[in-house]
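Sharing a structure here in structure tokens format.
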């Protein structure tokens, strides 16, 4: 497993699996989002609080490689690492591994911006620090 | 908290919350199903395995009382208790409580039947035992 | 088909189906909610607008009978009828039928209340009219 | 709007919107999948049927650019175009536009492979034709 600053262990839930008997593709984005929000909490940024204050963290691009499917009963870990993309955009490198054998399931790069109530880019200080902007 | 034979602790995930800022009503059924399947696993019944063998556990009725909404950041517990409904139907009494203060969130009764590949009722032995049919 | 004041036709989407190859139980609540909100729109009540104004329509109880499962490729109709439950609570009688043969899929009674920003019951006038309170 | 071989019009459903009042990022993948499956049906390929026959169409990579969010009440169109990626991999170029003003909402490239019951690549003839392999 690569080096991550944060990781979250979860179980596949049967309702997340589709006709093919595997976790549906869209569900991995749920896993990735939940791990990002948990990571943000761990650096004292609460997603729902930020939203109430008018600061919207928004995903602008996601690149997701589906390497191997998760199935009912699998337990997995989502790793999170931050990557500075540009002055205004920040990236989350996120891999998902099956826990039983560390098999790589998903590799993802999720790029975001932070926008205030006026629609202008505004990066919360904790996020700026996490991404090494300060 | 009432007496349950099985309980499962989970976190609210932000994508499960809707415009009103609370967990969407349909999501509680996901929680309830996941807790039921985990309970079945705990008595050596795997839902996906049963499905592959042609035995389909099917919900025939759900009664759900929404007492108080869960919000982003909440952690909760789903309790499961079994109840014999009739010769062929079995019930799961399932309550959800917020963990911080044991507040009752949802009260549910989920009634199911077990049907084999021919569409005939067939109760796996472990389930029959769990419901006191044997 | 029974008599409804509003109906909505929809397609099953493959991601809504689970390992058993049928629409997952929780998804029917999504269908029912979407049909209710479309019905509210048809009487000039917009759910998202109401939420912004601080008026939250909340479901307090759902009774759902699962009669027959929908599968990939099925097209169906959700019927909506209103029913006065008490001075403060209103009910939506909602049935789902498969379109190809009018087979009854789901029978549901969804009971709700309308609460203002202070947490007090407040029924929007259009809703009061729809339920015959005025 | 660009040139697409298939397009599908849909409504935003309120349960698809999250705390920020916009359609949750993962939901766009649901829209994209549903439009792909409807496109496949339009060339006589049924996704659920293929799965039953042991042929699994699998997404191996998704690149999604989120240009502008959809909100409650929006109606939109998903356009689909095919693109040959390599001997074994095929791509779906998929854009989502808001219908009221043709605003570009999402740009996506979804890359897939087709695998038979033995785990070997096997492209159904209709798909081979659609992608100009035959």
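When the chains are written out, they are named A, B, C and D in that same order, and each has its own residue count from 1.
The rule is simple: a residue touches a chain if its C-beta (ideal position, glycine included) is under 8 Å from a C-beta of that chain, and two chains touch if they have at least 3 such contacts.
Just so it is clear, the structure is predicted and the values come from calculations on it, not from any experiment.
Undergrad: Taking each chain's centre as the mean of its CA atoms, which one is farthest from the centre of subunit C?
TA: With centres defined by C-alpha atoms, farthest from subunit C sits A.
Undergrad: Tally the contacting C-beta pairs at the B-C interface and at the B-D interface, and name the larger one.
TA: B-C is joined by more C-beta pairs in contact.
Undergrad: Could you please state the distance in Å, as a whole number, between where the Cα atoms of subunit A are centred and where those of subunit B are centred?
TA: A distance of 28 Å separates the two centres.
Undergrad: Distance between subunit B and subunit C based on Cα centroids, please, to the nearest Å.
TA: Once rounded, the distance between the two centres reads 22 Å.
Undergrad: Taking the mean of the C-alpha atoms as each chain's centre, how many Å separate subunit B from subunit D?
TA: About 33 Å, centre to centre.
Undergrad: Among the residues of subunit B, which are close enough to touch at least two other chains?
TA: Only 14-15, 17, 19, 21, 24, 26, 30, 33, 47-48, 72 qualify.
Undergrad: Which part of subunit C faces subunit B closely enough to touch in the complex?
TA: 19-20, 24-27, 29-30, 33, 47-48, 51, 56, 58-66, 69
Undergrad: Write out the stretch or stretches of subunit B touching subunit A in their complex.
TA: Counting only subunit B, the residues touching subunit A are 13-15, 17, 21, 30, 33-34, 37, 41, 46-48, 71-73.
Undergrad: Hey, which residues of subunit A end up touching subunit C in the complex?
TA: 14-15, 17-19, 21, 24, 26, 72
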